[in-house]
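These notes open a run of structures that come right after.
Here come two complexes built around subunit A, the first alongside subunit B, the second alongside subunit C.
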Partner chain A sequence: MDIILNLLPHLLNGLALGLLFALIALGFMLIVGVMELINLAHGSLFALGAYVAMTIIDPNLSGYGAFGEWYMGLSLTLRYIIALAFAPVIVAFVGMGLEICMRRTYGKKAEYGLLLTYGAALVLEETIRITWGSAEQVLQIPDAISGAFIAGGMIYSNYRFFAAGFGLVLILVVWLFLEKTPYGSIIKAGAHDSEMVRALGVNLTRLRLLVFGLGAGLSAIAGVVLTPIWGLRPHVGVDVVIPAFLIIVLGGIGSFWGAVIGGILVGLTVGIVGALAPEWSLMSMYILLIIVITFRTRGLLGKKSALEN
Partner chain B sequence: MFSPKTKLSFSKITAGVALTAVCTVLSATAATAAGKPIVIGLTSDASGQYANSGASDRRGMKMAIAEYNAKGGVLGRQIKTVHIDTETTPATGSRVAERMISREKVGFMIGAVSSGVANAISQVAQKYGVVYLNTNSSSPTESGKNCHRVKFVWDGNGKNFALAAVKNAVTAYGKDWLLVTNDYVWGHNTSKATRGLAVANGAKIVDEIMVPQGTRDFSTVLLKVQQAKPSVVAAAVGGDDQKAMRTQIAQLGLGDKFAWINNQQDWPDVYGLPKKNLFGVFGTTWYYKLDLPGVKEFVAKYQAAYPDTKMKVPGNVFYNGYMATKSLLQAIEAAGTTNNHAVIKQLENLKVSAADRMQHHDAWMNPKTHQMQQTVYLATSNPADSAKDDMFKIMSQSAPSAVADMNAEATCKLEALADTPQRES
Partner chain C sequence: MSTSFAKKTPFITRPMIVLFLALGTFPLWGTSVGLYDYLGVEIVIWIIYALGFNLLLGYTGLPSFGHGAFFGVGAYSYGLFQLNVFESVWLAVAAGVVGGAVVAGLVACFISHRRGIYYALMTIAFGQVCWFVSMKWHTVTGGEDGLLNVHRGTLNLLVTDASLKDNADLFYFAFAVLVAVVLILWRLVHSPYGKALQAIRMNQMRAGFVGYNVWLIKWSVFTLSGAIAGLAGGLFAIAQESAYPDVMSLHASGFVVMMTLIGGGFVSFWGPVIGAIVFFVARDFLGSITETWLLWYGLMFMGVIIFKPEGIAGAFQDFVAKRRARVEN
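Moving on, here comes the complex of A and B:
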């Protein structure tokens, strides 16, 4: 009984962590699922989103007179909401720029796309370093979602549960968009049979541009939400790419709910193993992947993988 | 046809020409050696867990080198540097050292933050006899079982910092101790030192939580800490891992729920963080606000050299990089040669006054372990609403003899000088 009571906070924590992992994988999954492209710049777009948000929240407007005073007079909550809305849009445009560069690699070996996105990741990371410096930065959060609460004699972070809740809402919004809107239908159809979609008069070039922009925007949202927990530094994106890739392989490449379930499973595994044998906590997600792939080569909910082509 | 006399003259002329040619070649070689720059390899991290500290370390080395180059170099030769990213990865450290020595022909190597990387570099350095300065890595093993004749360690180690902190902490905060340990060589050895001292002073270790390198989410660790309810948490977690951990501790408000003893706190790891993230007690070897002669001038020099750096004041990592490099250049000058054996002897006998070190006590190189024996400071967060950069409050300072790592002397087995390959650069 004691063991169960001891594990309960870890289960709850693992679930929250799982939603955060799913949030990280969302943008990555969309681009892999629809465009069959492994976007190695995902982590850098994640970091860029966080840096842009940091600048929107706390910009240096000393030379901007009345506007500067007015803007900095806005509450932190309002500036945070503005950042959460606009940083992903800005990063989405960066993602679109990257997609335009990608076009010559379509129809060629997957390595071309991998190399190009890897190069883009390096360029983005260096750009961040040059623009914002290499020191640790802080992305401020409103007081309403900071602090902690006590439950069952344990202290939990408010922000962590806000982030997990936000992740859950975003997952549902993306799912509704893909399943219940005509745009979502076109995106999914483009993933299944792009030639047929083109034959039906859909502008495939624009579709890919929008999907890449959406994927980049989702990466940026994950960056804005997660960096107040993980900290903000130019190479923070490196911490993101491997779990994101692992989760979509675990869940099944191209499967929306596979990515969500994969994220939650990884979170629960890391949380529970962390409670019992902390030194194995990071390793546990890789062991989980090996176990799943051994029995289900295409992941939990995967159909034919893009990597099989 | 030549007459005998003419023949003799010809022989003399031939010999003279040959001698002149040999002399010309020799003097030209000597002139080239005198004129060619001394190449120093900077083996600091530019990526990975210690990227930020690596950059600070490098700035320190470069400022010392720039000062020497401005006054004509060393032994009349300019100093040139080569930097290759060691990526906070021991395997990369080995490759970088091999490449620097074999291809870049460096005469000396400087730089490390990660003890794993420092150990890897020093093994290669010993093989070739290249003098190597470990500027900033703090595992006790660096001057203990992993010591080498060519390696000199400039930072205080986990044992030094533990000696400065643990005894007082047991008395002041309580006897139930929990260790949070980064799962690699520095973490293990630092925790081992803390454990030994804590137990020796009457504490009980209630648990030790191992944290894999690269951990970004400390929620599980912090839940375990809460469940264990210790009176003191002694953390040996470094680099980006530590930054993430501090942020999450501050978010939970756990900073004042337990007494946190952070063995050591590198300046680049906390610079820019809110003061609420800087809790507990920790060790350091230097602070830019020490009220000692020369400190203000040193800070001004840093600010003039690096006006665009986000880190507006120098920290302990920069300081160690600078001091180590300066001492190496002084040793080469004192030896009058770049011969590694001569430079090693100079460094083994190194003594630096407190004034020159900008510390409270004289420092010296321990010839048995090759670790710099220096003042260790205990610090905590500065609660005063002072300048943004004034983050630390120095609580106490310990003389080198009070915090000496005696275990290092017992475990360090330096290679004989005769077994260390000779080289000049």
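Moving on, here comes the complex of A and C:
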């Protein structure tokens, strides 16, 4: 009993972390599911979203006179909300640009798409380095969601729970979008049988563009919400894309709830191992993946995918 | 790669002689065109590494994206052997080869029944595990700093001893290893085993139906590729006089993939060679003009994937084919 009580806070933290991991995997999942494309630039889009948000929250507007003064006069909360709304839109357009570059690789081996996004990740990371410098930066958050509270002798960060709650809401919104709207049906149908969808008169080219934009936007949202926890460095992209990757494979490529369960499982594993042996917490997720994949080839809820050939 | 079965492939070919002559004389002309001996050492080591890697990617069509792990294990094996067991360059390099092969053989047990993207994913996961272990296992690997006390030592050549202190001497040693690797790999990919690798790349299921033991071939080629990466890693430990986790990171693993692809590993044995040379020349040339050379190299890589996925070797083959067609008309 004692052990369970001691572990409870770690379980709670792990669960919160798991929701954050699921949030990271969301945009990645969408692109993998519909386009059968491993988007290695996902992490860099995540980082780009966070950097753009940082600039929107605290821009250098000294040369812009009245507008600059008016903008900086707005409260931090308002600027944070503006950033949360607009940074993903900007990144979505970057993602769409990447999709246009991608078009020539469709119909070729899946590795080409993966490698192209790897190149894009490199380019985005270097661009971030040029624009914002290599040093660690801070993304400001409103006072209302900063700080910490104490419960049962453990300190919990407010922001962590805000982020986890945000993750939960976003997961539900994306699920509703995919399940309950005609757009969602088209996207899922496109993942299932793109040729038939095209035959039914859906503009597949535009669908892919939109899905990629949406996926990029989701990774940017994850970036804005998560960087106050993880810090903001140009190479944060690599730290992000690998867990996202792992969660998708763990959950099964193309499965929405697989990604969510995978994320929570990874969060719990990292949380519990982190409590017992902090040094090895990040490695535990790879061990988890290797164990699961050894016994369940297509992940927890995966179905057969064209990416296997 | 598209040689006909009827024609016997010679042991030594013209491109091979050109490469050996051009590269083997590097210390004689390198400095006079503004290059330096250490660059030659680096290029030779990475050519060995990329050639071994292309056995997987180009010949067998197996995307291994965590290959830096075996390179790193080779480097650590070299260092640990030299520091803890016995002071001999030959044996320490052999330890690098064995280290790379053992770890790759273990990893291959887990992944050889997979294909495509799942294969790629598993190699990334295992690569990350190796990287983490090297970072965290302080007592053995020295953590993030790595093994620092590795030294170059002297090479026992039976009749005489050669010190590897000087970069030019080290270059000749690495170059001799490269010659051996090229000759062996060339022979290997033109042997029945090499044909079986290509059969697996083209259609794994059919290769199985014909009677090849696909799992065993995939396992053995991964192990062999890991052994060659370990060999390159051992040489790298000599050159750097240390072994550190950085070479095992996802980025470093990505570099060898980029080299192999830009050079044209999918269509030519020589693709990785071209790719490694282009990579280092680009690093030095672009690096001297701009600090963000990786941006430009990344853009170049994207351009290659979009417009010419067969790489430089593919472009060259197209050029030759076009000229031949023109001559015939």
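The definition used in the following text is that the second predicted complex is superposed on the first by the 307 of 309 C-alpha atoms of A that agree within 3 Å, B and C clash if a C-alpha of one lies under 4 Å from a C-alpha of the other, contacts with A are read in each partner's own complex, and residues count from 1 in each chain.
We take it that contacts are C-beta pairs under 8 Å (C-beta built on N, C-alpha and C of every residue); 3 or more make two chains touch, one makes a residue touch a chain.
Here the structure is a predicted model, which is why all the values come from computation and not from measurement.
Asks: Under the superposition described at the top, does placing subunit B and subunit C together on subunit A give a clash or a fit?
Replies: clash
Asks: Mind working out whether A:282 is in touch with subunit B, subunit C, both or neither, as first, second, both or neither?
Replies: both
Asks: Contacts for A:192 in the overlay, against subunit B (first) and subunit C (second): which applies, first, second, both or neither?
Replies: Neither subunit B nor subunit C is touched by A:192.
Asks: According to the stated criteria, A:112 is in contact with first (subunit B), second (subunit C), both, or neither; which is it?
Replies: second
Asks: Using the superposition on chain A described above, determine whether A:296 touches subunit B (first), subunit C (second), both, or neither.
Replies: A:296 contacts neither subunit B nor subunit C.
Asks: For A:9, using the defined touch cut-off, is the partner it touches subunit B, subunit C, both, or neither? Pick first, second, both or neither.
Replies: First partner only.
Asks: Please indicate which partner A:180 is in contact with in the superposed arrangement: first for subunit B, second for subunit C, both, or neither.
Replies: A:180: touches no partner chain.
Asks: Have a look at 206-214, 242-250, 260-268 or 314-322 and say which bit of subunit C overlaps subunit B after the superposition.
Replies: So the stretch of subunit C colliding with subunit B after superposition is 242-250.
Asks: Between subunit B and subunit C, which residues of subunit A are contacted by each of them?
Replies: Residues 279, 282-283, which sit in both footprints.
Asks: Would you pull the subunit A residues touching subunit B in the complex into a rising list?
Replies: For subunit A paired with subunit B, touching residues are 6, 9-10, 13-14, 16-17, 20, 133-138, 146-148, 154-157, 159-160, 228-231, 233-235, 239, 270-271, 274-275, 278-279, 281-283.
Asks: What part of subunit C is in contact with subunit A in the complex they form?
Replies: Residues 63, 110, 114-118, 120-122, 124-126, 128-129, 132-133, 136, 250-251, 254, 257-258, 261, 292, 294-295, 297-299, 301-302, 305-307, 309 of subunit C touch subunit A in their complex.
Asks: What part of subunit A is in contact with subunit C in the complex they form?
Replies: 38, 101, 104-105, 108, 110-112, 114-116, 118-120, 122-123, 125-127, 129-130, 238, 242, 245-246, 249, 253, 279-280, 282-283, 286-287, 289-290, 293-294, 297, 305, 307-309
Asks: Any idea which subunit B residues touch subunit A in the complex?
Replies: Subunit B residues touching subunit A: 47-48, 51-52, 55, 183, 209-212, 214-217, 219-221, 223-224, 226-227, 240, 243-244, 247-248, 251-254, 257, 268-274, 309-311.
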